[in-house]
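Before I ask anything, let me first share the structure, which is written out below as structure tokens.
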Amino acid sequence: MTVSGPDTTGPELRARLRRSRRRSTLISVGLVAPVVLFLVVFFVVPIVQMLGVSVYDRSVSDGMPRTAAVIGTWDRDGLPGEHVYAAIAEDLIEGQAERALAGPARRLNQELSGYRTVIFGTARGLSEEPPESWRETLIEADERWGDPAHLVVLQRAVNPLTDYFMLYALDMERDIEDAIRLQDSDERLFLGLIQRTLTIAVTVTLVCLAMGYPVAFLLANIGGSLRYALLVLVLLPFWTSLLVRTAAWIVVLQSEGIANTFLMWAGFTHEPIRMIYNRFGTIVVMSQVLLPFMILPLYAVMSGISHWNMRAAQSLGATFSTAFRRVYVPQTLPGVAAGTLLVFMLSVGYYITPALVGGASDQMLSYFIAFYANETVNWGLAAALGTVLMVIVLTMFLIYNWIFGLDRMKLS
Amino acid sequence: MRKAVTTSALAATTALAAGALATPALADLTIASWGGSYQDAQRTLYFEPFAEERGISIIEDDFVGGIGGLRAQVTGGAPNWNIVQVESEELILGCEEGLFVLIDYDMLEYDEDDFIEGAATECGVGNIVWSKVLGYDADRIEGDTPESWADFWDLETWPGQRGLRRGAQYNLEFALMADGVPADEVYDLLRTEEGVDRAFEKLDEIRDDVTWWEAGAQPLQMLASGEVALTSVYNGRLTGSNRAEGTNFAGVWPGSIYAIDSWVILEGTPDVELAHDFISFASHPERQAQLPEYIAYGATHAGADEYISDEDAPHLPTTPENLEVAIEFDTEFWVENIEALNERFDRWAAR
Amino acid sequence: MRLPPYATPAQRLGYWLYIAFCVLVFGFLVLPLIAIVPLSFNSTTFLTYPMPGVSWRWYEDFFSSSSWRLSIYNTMVVGISAALLAAALGTMAALAMARTQLPGSRIIMALIISPMVVPLVITALGMFFFFTRLGLTNSLAGLIVAHTALGIPFVVITVSATLQGFDFNLPRAAASLGAPPLFAFRKVTLPVIAPGVIVGGLFAFATSFDEVVVAIFLVGPGQRTLPRQMFSGIRENLDPTIAAAASFMILISIVLLFCVEMLRRRSERVRGLR
């Protein structure tokens, strides 16, 4: 490498400076590109695609192509014409032979229980000889072929682009005139589920705040080695696996567990109290799991606050509580906001803990997403509920970003 | 020195990763079943003797249920597995989707009639019969023991929590039987609106006293720890626990619900004839009759009964006395209604 | 944190109540962890106190059972590979973000942080659909890729923190003295950020070590990790083997925590913060 002599001619220097800047930027872009590429390919694209499943589904249009081509012509005034029924019949016969009906049957049955029987029951009985009227033959095979409600579902489902799952995830549906309406109150499930998810998340957040704030205050105002010892008590659970802590809590809370043994020994109760497999257990365990996420940001903010502010206020005549409220607390608000948002964001997506220590009415959105994805293979609905959860979390994320900026995020 | 450490660490990880990613060695037959002590028994009774007799290699894997995984294998081209033991729901769904090779009963050693009712189907051959019964810990119950689902609902005579599987499945059937519906009318009634209403109303009575379980071994755990007094539970696990852990659990057969697990051959399997031969081998009545020595599941070959020991017979779903008072799980009904009824169950639980 | 000598009785009472409350919260945080460890030495199959006797049998079970051993092996392979990948990718990104003001850096940062924030069920389901098509399900490779994505934010955050206050004139000075870029990186930049990189890697490992939801969706029985095995164990067979596994995992957590604290202090010393 040769070092050239100083060159002070103006424009050339500026050009070289610009070149060097550009080179530096290019290097940075080159350094950041692998991460961006990796995350886009293996994280963003999969999630976007998955969420897309909630509005795009080809199972009926692929499984019943002839029907898909003609059923759009039906104006819902009376029953469809013979050519529509003929298309359905041909699709059923061919689909039965090629085993292509499972997709449409599953999809239609998701919208209307019983549709599977309509499809397979009819398909098994059809012979290839065209009868005089496919319409009569089909209705004879299953009277539901004469029911407009069933046909409307079919007509809607042949369109790959669907809002059915999203609406359903919000307890809404389209009536026979295609108008969107809320389901009857005794048919609703998911609005209550969303509400329950938010309630649990808010409760856990508040419990964490109530326990975390005083402890963070203690940590920030205590001296020397005791502080480190106590910090380890917070960090140890933070580093310990969620599964380990959940197992530990089962040992503590079960009906012959430590807590009940103690309560009965101390004479508080004669019968074991139910503390697990219900809402109480869910809140307790989730709070313990998430408490470090509240304490650590609070502690980070509090340890930066000088205690002389409080002293000054008190020396000017304020009582401790007034000084605390008016002088100290306002300075900790950034920490409060960070901890609360973080805990809320994490708790709203919880799955493992409620699944292991909750009861039938304590399961949150994540549980239902996993249920529809794994157990009933209703991926559209799983994706739609995922979208709902995603919207909640992203809103929180944006608020967090807006208040703090992500560049200031820190760990421990 | 440090560099050497880093390099060797990297090399070790790469080697580990490469080992982990390597494709499994080719076997003549790959069989997936439900793992655990059950698969250990199958290995002794079926896999190893068959491999030896034919001089072939068999690789085993665990199947954890779910049609999604099977679909992914078949639609992805050559499946990793050849033979899988599936539950009745997967049998129906996979058959409709064309994931399984149609069983050619001419290639099989036995006819459809040789099997118990419902075991020989288009896409699969029944392998075991399992049952869901009312279970309790005989050591913890003093006085009369429960004898029916009506007793399960009787919180005064048998105080304590009840264990049921989370969801609508099985529980609606149990509720109707507890409400006095004869076993053979349960599914007819459940196919009507009133029947479902009636079942949920019956469930209302014990709503606050139920602990819901999800995994098959949980009810045993809850019985052992005293978390629940009575619970629904798989029969095989009850006897299994009694043998392995020395517990004194008992099951109630009247009102139990049984179902059949079947062998299926995945579409794309290269040697379909060999797969059929294995199924024949595993359907041999005398061989099937040995399974209850390991785990209390019933045999599917109608002739297996006579080889089953008197000691095992009372614990099996297929023993005539037990079979008579039980009902068969209506898979068709549940495949069609599971979502709607589970959603209703969730609404009910949240109320 | 001491009471002034002139405190009133009410203040004294309040102070001691406050201390008592804090003690309770600390107990709430660690007592469950402490409670489960002794049960791993229980001589019977129940997870209850009082223990009738003491034995090593559950540790024997744990370390001799093929499924637990397989899960330990899988966890180590996945955790170490994911941590190394995340550390490499994350360090590059953190360096880039610190040395220049990139266009759209806020968006890039949001992208990098997002795996930490998106609920795991959503990540898991998305990857499940996507990886099925790539044939990456039921393989450790798929899980490594997934856990790398989950670990990257931790590396970027910790390395960024060590880079705060790092003088980028130092590598420039090295370059002006004739050092090739990679040499300057190794001799100048790396020693300063190394603790951050390692801590980030440890965080990434811990994330993988704790992750169960993605594992539930992506892998089969042959690729079960330790947390995944714990999950089945808790649901299906809650005996002291679980307590033994839990104690083993607590031990690993303590080691990780210890390493991170040591490195953090070292890093503060190197950067002259203390």
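The chains carry the letters A, B and C, assigned in the order they are written, with residues numbered from 1 in each.
Assume contacts are C-beta pairs under 8 Å (C-beta built on N, C-alpha and C of every residue); 3 or more make two chains touch, one makes a residue touch a chain.
The structure displayed is predicted, hence computed values, not measured ones.
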Relative to subunit C, the most remote chain by C-alpha centroid is chain B
Taking the mean of all protein C-alpha atoms as the centre, the chain whose own C-alpha mean lies closest is A
Note to self: most contacts are between A-C
For the pair subunit A and subunit C, the C-alpha centroid-to-centroid distance in angstrom is 22
Subunit B to subunit C, mean C-alpha position gap in Å, rounds to 37
In whole angstrom, the CA-centroid distance of subunit A from subunit B equals 31
Expected list for subunit C, residues touching two or more other chains, is 47-48, 235, 238
Expected list for subunit B, residues touching two or more other chains, is 214, 225
For subunit A, residue numbers touching 2 or more other chains are 254, 256, 374
Per the touch rule, the subunit C residues reaching subunit B in their complex are 45-48, 74, 76-77, 80-81, 84, 132, 135, 137-141, 144, 220-223, 232, 235-238
Listed in rising order, the residues of subunit A that touch subunit B in the complex are 98-103, 105, 109-110, 113-114, 116-117, 120, 186-189, 192-193, 196, 254-256, 274, 277, 355, 359-361, 363, 368, 371, 374-378
Subunit B residues touching subunit C in their complex are 10, 13, 16-17, 20-21, 35, 61-62, 64, 69, 72, 76, 80, 214-218, 221, 224-225, 245
Residue positions on subunit C within touch of subunit A in the complex are 1, 11, 18-19, 21-22, 25-26, 28-33, 35-36, 39, 47-49, 89-90, 92-93, 95-97, 99-100, 102, 106, 108-115, 117-123, 125-131, 145-146, 148-149, 152, 154, 156-158, 160-161, 176, 178, 203, 206, 209-210, 212-213, 216-217, 227, 230-231, 234-235, 238, 242-243, 246, 249-250, 253-254, 256-257, 260-261, 264
Within their complex, subunit A touches subunit C through residues 1, 3, 24-25, 27-32, 34-36, 38-40, 42-51, 53, 211-212, 214-215, 218, 221-223, 230, 232-237, 239-252, 254, 256-258, 261, 288, 291-292, 320, 345, 348-349, 351-352, 356, 366, 369-370, 373-374, 379, 382-383, 386, 389-390, 393, 397, 401, 405-407, 409-412
